[in-house]
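First chain A sits with chain B, and in the next complex the same chain sits with chain C.
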Partner chain A sequence: MIPPHVSARQHLLTLSAAALLLGVPIVVGIGYLVGGAIGVSGDADGVSLGRVLRDGAVWRSALLSLWIAGAGTSLALTGALSIALLLGGASKIERFARTVVALPLPVPNVAAAVAVLLLLSQSGWLSRVAAQLHLIATPGEFPALVLDPWAIGVIATVVWKELPFLALVAVSLQSLRGRALTDAARTLGASPSQALRTITLPLLLRGMAPSVIAVFVFVLGSLELPLVLAPSSPLALPLLIQERRQSLDATSHGEAYLIALLATGLAVFAALVHEALRRDEA
Partner chain B sequence: MFADVRRVFVFGAVCAAALVGGCSRAAPAAAAPDLAKLPWDSIVRRARGTTVIWRMWRGDPSVNAFVDRWVAPRVLAEYGVTLQAVSGQGSELVDQLTVETQSGAKVGTASLLWINGETFGALRSRQLLAGPWSGVLPAGALVDSASPIISRDFEQDPGGFESPYGTVQMALIHDSARTPQPPRTVDELTHWIRTHPGRFTYDQSFTGITFLKGVMYAQNGGVGTFAGGYDSTTYIAARTRLFAWLDSLKPYLWRKGTQYPADVAAMHRLFANREIDFSLSYNQNEAVTKALQGVLPATSRALVLRDGTLANAHFLGIPANAPNAAGAMIVANFLLSPAAQLEKQRPTVWADGTVLDLARLPAEWRERFDSIVNDPRLVSADTLRRYARPEVSPRYHERLTDDWRRMIR
Partner chain C sequence: MTPRLSMRALSVVALTLFASAPLAMLVVTSIARGWFYPSVVPSSVDGGAWAELFRDASHRTALLNSVVLAVSTALVGTALALPLGRAAALSTRGVRRSVALLAFTAVALPPVALGAGLQLSVLTLGLGGTVVGVFLAHLVPALGYLTLVFLGVFTRWDLRLEEAAATLGAGGLERWRHLMLPLLRRPITEALALGFLVSWAQVALTLLVGGGAVRTLPLDVLAMLQAGQDQRAAAGALALAIPALFVLGVSRVAAGNTPAVVA
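Right, the complex of A and B next:
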């Protein structure tokens, strides 16, 4: 909707400027990837799409990255919703608890990854405590929680880093609209579980959808966490792209660009799913 | 038409990067091969008051400190050359120079590069290196030119297009307190791995692949079998044997060979934390350097396998589009000086091996080098020399890296 004091022409200009500012870097980036994949930018040789699509390593990497992003985002979302519902009030204890939850927000990803490595590796702090308690005799007996095939260490770090962001959004939504509508439903006779199921959760989930998609896409393309914590086989998608880009073989560079395009496609697909859901609701 | 599109793409990319690095179409300064025809004094005069950007591996704080805090102040004081080291290695160097050249920019950003092996080969084949120029360096007369490790770079003739400045040799690192009787040959190592399940691994980066390459050479009659350029038949037969060995050992490796550490730093961490009993290094002295820094246990020691361990030299190259070839030659010459080579070799500094022929040095300098080399914590110079094997065609490394990622990892 155009604000009443702004003319249609001014509005169009503002929109165009914003689109230019936001869109140009993305279009140039994607253009460069396309150029690299077909061998006209950088020093890459053109590469066949079929060869990359037949490469099992690419699909295994994509699945691992989707698993990390999917599981990490889901767990962080569950935690954020729990915090909004259980600790969303105005009491001192609840405010203090929310402050503690928000603490990891400014921690850089690399620092978070190293902290989790020190905590969860087979010679980390937890392992040493287990050894002190005579639960294990050697580091190898401690379960592999980092550089592990299920990427537990990476997912734990994603949850630790992204839960505060999603919790802030959830608490804000709950205090702005959720509580009032839930109270209204209760007043009209809904049981607590009915109000939660039919009013509170749908409202929070709908409001949080853009943030959840943003977290999912960010984690999907994140390099730092997998670099320190993820398994070596399969490689997370960003690491596979980096490995092929750093090869001295120019054909591998083309593959790297093409795989980066596929990763971009996954991210765009997630955004489109969100838009489709929003349209359906409208 | 494709070439035009490519130029537009590349020039656009370079100009975008030029917000930081400069997008110049200015005429280049005197090229290295032209300078090499001048008297050294003239090169020194031209270099005074200039800046040299050195694109190099910046992954080790000890190396960075040597360059930033020891070399840079001295070349500035003695020659008036400001040295700025920036990050860049391997394929990054090739990419950067390729993009600069394709954009039509006559002058690039870096004047000096840390290169060797496959990077040297890639840069030479794309005609991105200047030369010949290294023959004009006065300190080059002290270089151990008889050493096959220094006079060839992965079997390639440097041809004056690069100047050596350090040597390294592949070594296993063990804790002499924890493993007082370590294996000394590939066969002994195989037996050790089988009898100590979960205590050995190798990393998936350059060093780990170099370790595997050494084993491959040892299993197939030594490095001589692979000399004289890449041969696909020889490689396939050797790879089959190596991968059969790896398959047989997989259940006994750390994490049963399902995961591999990312790099040497990850290996060192696992070793220091007692998750594994051996680390790797492509620097025979790193065990002592890292122990002095507290990264590894104080009782860490290096060992070289008696089947032979690979050794190579690292070099300095000057890009064909270098903005300051004269300054780069001054820095390359300074790094060959006995003072710089000695400082670089100290275990408390970097512990990088010298490229100088100590017999050509005055007695006082020889004594100083001897005092370092004779450190009982280090592998003796005789042992290193006896088991050192030169690198062969870089193609073997490239193929083994690709195949290991595809078939073993």
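Right, the complex of A and C next:
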């Protein structure tokens, strides 16, 4: 409702500016992607959707990216829920733990990737500790935790970076409404595990769903983490797009735009789900 | 010590290690000298990698570009998002949802996909490979994030305060200066911090729209890593992480000093 002291004309103008500033870059960006995919803009030759969908490399890349985003988000969510349940109180030590765990939150992805590489690579710090303990004799004997087929290094970085965000959301939800309902259930005779299973966890998971979707979609689109830590075969989806864009073959450029368009479709779908979940939550 | 308390103490120790070990790794590597495998600690330390980072003219340019881009994205993004978020929050539920959806889409689009489209747009405007073009590209996700921040703030905003001020004769400018800006100090500070961080950490959009001609600190760190210069990469990564941690800390302190709380 527009308050009486705000002019309706000014309000409409600001809203139009919002639509333009937010919408135009997205529409123009997607428009150019479509143009690139069908060969009418940029330096690409048009490609057919069927050809891209029949390309095994695209599916392998998509699966790797979905694995990284799915495993990373699930582990970060598990950690965040544990923190909310174990350390969600107001005592000094719990507040200290929550402050410490928030440290990685603002660290840029590139810096996080470098740190994890130095820790987990075959000549990294963990490998040195293993060598000092005579568990391994050479760096090659240390298990490959970065640039490995399971993308363990990328997933570890995702957990390190995203757990603080999800933990903040989980703790705030728990303090807002989790305790009162759990206490009510306990008063009515529910055992601690029953209250956890039927009240606390479902409430937390429902409240966290929009944030979980957001984390999943950010990780899915991240370029820098797989660039530093993921295997080179198959390539993560953002790297595959980048590789095909830089190819000398103009048809590959069209494929890059089409794959980017498919990734965009996935992100728009995630945005719709995110908004629907947020609306339910509100 | 009860089992629950010892479990809690163990969790705190584990979390402290989990959160700080990668950052500690960066600190030690950036100052290590002659740290050969399999030594767990370096034999000596020096500030060579740091000195080189600031002595090298191309790194200084990259750092300057990063600062200019992050500060301008924070300022312009906040200045634009505040009225946009407010206008959306004062509108009908349908408009609010549409603006939220647009803003989240700007945030959620994979930067490589968004960048590929924006690159062609920016090239058409003749801004490809320029700092201005990269700034415009950084502004897209930043505006998405910040609009969501202000949409949330103004959805919970108590309009009666503004109405009371208007009834008492305060004009639009006076209301903003004496009522709204003091009340909005906390979200504005947080928005400035968030806008700074979105641009400061950006890689894909800089790479695509800057076309390699606009160097920033994250791109330099990646280049150092690919060249096998681990020590310099660690110093560069810390140079990226420290301002980000500082900005978050300052925004929290500033937020804590806010004189009033929005209802």
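Assume the second predicted complex is superposed on the first by the 243 of 282 C-alpha atoms of A that agree within 3 Å, B and C clash if a C-alpha of one lies under 4 Å from a C-alpha of the other, contacts with A are read in each partner's own complex, and residues count from 1 in each chain.
The rule is short, and it goes like this: a contact is a pair of C-beta atoms (placed from the backbone, for glycine too) under 8 Å apart; a residue touches a chain by one contact, two chains touch by 3 or more.
Fair warning: this is a prediction, and the values are worked out from it, not measured in the lab.
K.L.:
Classify the contacts of A:Ala267 with the two partner chains as first (chain B alone), second (chain C alone), both, or neither.
P.N.:
A:Ala267: touches chain C, not chain B.
K.L.:
Please indicate which partner A:Leu196 is in contact with in the superposed arrangement: first for chain B, second for chain C, both, or neither.
P.N.:
Neither partner.
K.L.:
Applying the touch criterion given at the start, work out whether A:Ala97 contacts chain B, chain C, both or neither, answering first, second, both or neither.
P.N.:
A:Ala97 contacts chain C only, not chain B.
K.L.:
Report for A:Leu147: first if it touches chain B alone, second if chain C alone, otherwise both or neither.
P.N.:
First partner only.
K.L.:
Report for A:Leu75: first if it touches chain B alone, second if chain C alone, otherwise both or neither.
P.N.:
A:Leu75 sits against neither chain B nor chain C.
K.L.:
Taking the superposition on A as described, I'd like to know which of chain B and chain C A:Leu205 touches: first, second, both or neither.
P.N.:
neither
K.L.:
With both structures placed on chain A, which of the two partners, chain B or chain C, ends up touching more residues of chain A?
P.N.:
Of chain B and chain C, more residues of chain A lie in contact with C.
K.L.:
Give one of first, second, both or neither to describe whether A:Tyr32 is in contact with chain B, with chain C, with both, or with none.
P.N.:
both
K.L.:
For A:Ser123, is the partner it touches chain B (first), chain C (second), both, or none of the two (neither)?
P.N.:
After superposing on A, A:Ser123 lies in contact with both chain B and chain C.
K.L.:
Answer with first, second, both or neither: which of chain B and chain C does A:Gly23 touch in the superposed model?
P.N.:
Second partner only.
K.L.:
Name the residues of chain A shared by its contacts with chain B and its contacts with chain C.
P.N.:
Shared contact residues on chain A (touching chain B in one complex, chain C in the other): 28, 32, 35, 41-42, 123, 139, 227, 245.
K.L.:
Touching chain A in the complex: which residues of chain C?
P.N.:
Spelled out, the residues of chain C in touch with chain A are 7-9, 11-12, 15-16, 18-23, 25-26, 29, 37-40, 80, 83-84, 86-88, 90-91, 95, 97, 99-114, 116-118, 120-121, 140, 143-144, 147, 159, 162-163, 166, 172, 175, 197, 200-201, 203-204, 207, 218, 221-222, 225, 230, 233-234, 236-238, 240-241, 244-245, 247-248.
K.L.:
Under the touch definition given earlier, write down the residues of chain A that touch chain B in their complex.
P.N.:
Listed in rising order, the residues of chain A that touch chain B are 28, 32, 35, 40-43, 57, 121-123, 139-140, 144, 147-149, 227, 231-233, 243, 245-249, 253.
K.L.:
For the complex, give me every residue of chain B touching chain A.
P.N.:
Those residues of chain B that touch chain A are 2, 5-6, 9-10, 12-13, 16, 90-92, 94-95, 98-99, 102, 118-119, 122, 198, 204, 255, 258-262, 270, 273-275, 398, 402, 405-406, 409.
K.L.:
Taking the touch rule as given, give the residues of chain A at its contact with chain C in the complex, in rising order.
P.N.:
1-6, 11, 14-15, 17-19, 21-23, 25-26, 28-33, 35-36, 41-42, 82-83, 86-87, 93-94, 96-97, 100-112, 114-119, 123, 125, 127-129, 131-132, 139, 160, 164, 214, 217-218, 220-224, 227-228, 237-238, 241-242, 245, 256-257, 260-261, 263-264, 267-268, 270-272, 274-275, 278-279
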